[in-house]
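Pasting the structures here.
You will see chain A twice below: alongside chain B first, and alongside chain C after that.
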Partner chain A sequence: MSLPPNAAAALKAGALKAGALVCGVADAAAFDAHAPDGHRPGDLLPGAKSVVVVGGAQPRAGDWAATSPWVLQTMGTTERIQSVGRKLAQSIESELGYYALYVPPGTASGDTPFLSLMLAAQLAGLGSRSLAGPVLNREHGFMYWSGVITTAPLDTDAPDPAPACPAPPCREMWEREQTTPCLKTCPAADGGCLAGRLDHGRAVRTFYDGARCNTRVHTHWIGGFQKVLEATLNEPDPDKRKMLVYGDFFTRTLWAITYSSTNIAQCFECMRVCPAAHGLKEMKS
Partner chain B sequence: MSLFTLDPEVYKRYKDQVLKLCNSFQRIDQPGLSDKQIAETLGLDERTVTEIRCVAERDCYPLEEWETAIEFKRKAALEWAALALKRPELRDK
Partner chain C sequence: MTREEQVKAVGRKAGARVVGIATVEAFRAKVPEGHRPEDMLPGARSVIVAGGDGPTAGAWRCPDHRVMEITGYDLRENVAVHAMCDFIEATLSHRAIQAPSLAVHGHAPPMSMMHAAELAGLGSRSLAAHIILHPEYGLLYYAALITTLPLEPDPPLAEPACPHPGCVAMYRRIGTTPCLRVCPACLSGSVRDGRIERSTYDRERCHSRAQTYGIGSFQKALLQLVNEDHADKRSTMIHGDFFTRSVQALGFFRDSIAQCFECMRVCPVGRKYRKLE
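The block that comes next holds the complex of A and B.
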């Protein structure tokens, strides 16, 4: 079956109508140079030609300004963009007649995803890596991603040549203070995750503590559950065991796990202060 | 058939090497290897490497680091709210 000439454009229009802010198409073969064996589109769907990526469902200004970090992490909106991804997969199969595999948002094993959606977004021309890590779109900043692997040979988009990071205020801050908002908020040199610099206006990350970042992004998630479970099993005193199991940390973790994917991201602090991620929007108080 | 569990001695011996080579945590200068590639590099089988990686991902930091995460996020959120809402008193909340 051949594709209609406007297939990619029609899919993109459908994605935007369904609620995505951006939609792009990556060449499935482009993953080979970046993703490890087993985590490329063709590993999940043999014969994959393209990966359609959608982004959107950002937190609102009020979410970013909330005084409690638990607001943003319990209001996760990833499911909204995931539903657009599922709809795209359905359209590709029913309207174009090609296999379409919705990239599962969970993990393939341990903490490793099936396919990196951030890499997919980059290759589809929807954004670029920030100094802090997340992929940022030049127009919309931070957003959530979803993707569909397909055997349809869709017209592909080129990676965005102009990064959103560093934003002009970050360049100015670097000139003044030799740091940026994200580096200042979560500095590796002071118990955080990030280190880097701006080099001729370009962001260069020099260190990233992924393991520590994991304790922050997934505080009340699988890792926290396992850690408290281990501590409980090793605790000989039944009264102390009760404090661990009935306490706030374990209780909150169980709430988070049972809410499933809406709670996966639990740390936004490098993005909260990032001018390229969402900007400081003045709203009426 | 019993559940596949890792020999703790094998874990201790290979943990650092597997973490260094794997793709669990983003790196600046190198893409990570798949479990299969790591297995070939270290002369282990793939399932063993997968288990080492999964246990090691969780084993990098003690439980106390999770508590640190809570305090870090609490303070950072208040800092931003104070700035964004022009309410400096929120910093001391």
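The block that comes next holds the complex of A and C.
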């Protein structure tokens, strides 16, 4: 079966209609230079030719403006973009007749994803890595990603030649203070996660404490549950055990787990201060 | 367009691969009191069943078994059922509820979605753990709604989807079928005159293999943790992959429904939809 000439464009239109903000296609072979063995498209789907990536479902302008930290801590969601990914996989198989594999979100083991969706987004021309870590799209900023690996030889997109990071205000801040908003809000040298510099206007990340970042981003998720469970089982005093089990921390971990498709992260500080993370659209106050 | 066609079109548009209708009376012959549609919704007249796609053909081909273990399911049949409920209440002014299908005692649900799918003409029980097979698409996942709206039902299948002609020929040749051969530990059965003559399966064993990560594994690990006196061993167990994956599965985080698909992997019913470019 040959692909219709507009297959990639039709898929992209379908993705946007289903709720994605952006959609791009990466060449499956392009992952070989960057992804480790076992985590390339062909390792998950034999004969993989393309990876379709969709982005969206990011916090809204109102979420970023909310004064309560609990809003983003409890309501951030990748669910909406994952449903677009699933829909695309079904469309590719039923409409184009090629194999399609929805890339499972989350990790294969430990912190290792099946396929890096951030790498996929970069290779599909949808954004570039920021100094803070997340891939930022030039128009929409920070967003969540979903991907579909397929044997369909779709027309691919080129990586974005102009990175969203550093944004012009960050360049000016670097000239002035030798730091940027994200580096300043979470400095590795002062208990934070990030270190880096701007080199001829380009962001160069020199250090990222992934383990520390993970414990801050997922304070109420599976790791939090395991932590309190361990503390509870190690606690000999029944009254203290009861307080641990019924306390806010453990209760919130259970909410996070049972709403885990919705409840993604509890720290957004590097993205909160990033001028490139919130998109170009101006909101009325 | 008839009312039946209207409702089915809403379900298919919302993601169902197939939609079928059964009357509530059809449940009385085999369903015990307390588990019939009218026991859930007073005045119930019809049950509408939606079948949603299982794994994509690409997922069936994935050599990494963990992919199917955690993304075997896409939940669209539930979305379709809710879309049809909304349509029935808002447009046709009849009551409609999603039929409850999660187990409430042991493995027993308030209402059997498998039986509802059979009565709505969407499939028949198979030699493979009695999984309902649609004659065209094979393995689908089912959800249903109960409504006070009277509708013309679909007839049950005239010919069962299982055994497939290829399986009948295989049984004649070597006395087994693909599913019985791949999982003799869980499945047993026989074929006679092209029909299932006898079919049984070891549900407890099948369940422990099909759902290695989920509520059961969480309960198992939790009991072991509570019974473990050594703090270091507890710590290793709590932070190990098995417990972590059990908690992830609990959270529905990755739609982790089942971790064994082997009897369905070899089943020829609906396989043509798994053969793509």
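Following the convention adopted for this analysis, the second predicted complex is superposed on the first by the 278 of 285 C-alpha atoms of A that agree within 3 Å, B and C clash if a C-alpha of one lies under 4 Å from a C-alpha of the other, contacts with A are read in each partner's own complex, and residues count from 1 in each chain.
Basically, contacts are C-beta pairs under 8 Å (C-beta built on N, C-alpha and C of every residue); 3 or more make two chains touch, one makes a residue touch a chain.
For clarity, every value in this text was computed on a predicted model and none was experimentally measured.
When the two complexes are overlaid on chain A, chain B and chain C sit side by side with no clash. By the touch criterion defined above, A:L101 lies against chain C but remains apart from chain B after alignment on the C-alpha atoms of chain A.
Shared-chain residue A:A89: touches chain C; no touch with chain B. After overlaying the two complexes on the shared chain, residue contacts for A:F250 are found with neither chain B nor chain C. In the superposition on chain A, contact of A:F31 is made with neither chain B nor chain C.
When the shared chain is aligned, no partner comes close enough to touch A:W174: not chain B, not chain C. Touch criterion met: A:L280 reaches chain B, while chain C stays clear of it. Of the two partner chains, neither chain B nor chain C is touched by A:Y144.
Contact with chain C, but none with chain B, is seen for A:P46 once the two complexes are overlaid on the shared chain.
In the superposition on chain A, A:R205 makes contact with chain B only, not with chain C.
Comparing chain B with chain C, the partner in contact with more residues of chain A is B.
Superposition on chain A leaves chain B and chain C with their closest Cα atoms 5 Å from each other. Shared interface residues of chain A, touching chain B in one complex and chain C in the other, are 38, 109-110, 226, 230. The residues of chain B lying in touch with chain A in their complex are 22-28, 31-37, 50, 53-54, 57-58, 60-63, 65-70, 72-74, 76-81, 83-85, 90, 93. In the complex of the two chains, the chain C residues touching chain A come out as 53, 56-59, 61-64, 66-67, 70-71, 74, 76, 225-226, 231, 234-235, 238-239, 241, 243-244, 247-248, 250-254, 273, 276-277. Against chain B, the residues of chain A that register as touching in their complex are 34-39, 61, 64-69, 72, 109-112, 133, 185-186, 191-192, 205-208, 210-216, 219, 223-224, 226-228, 230-231, 249, 266-267, 269, 272-273, 280, 285.
Of all residues in chain A, those touching chain C in their complex are 1, 38, 43-46, 86, 89-90, 93, 97-102, 104-106, 108-110, 114, 149-152, 222, 225-226, 229-230, 233-234, 256-261.
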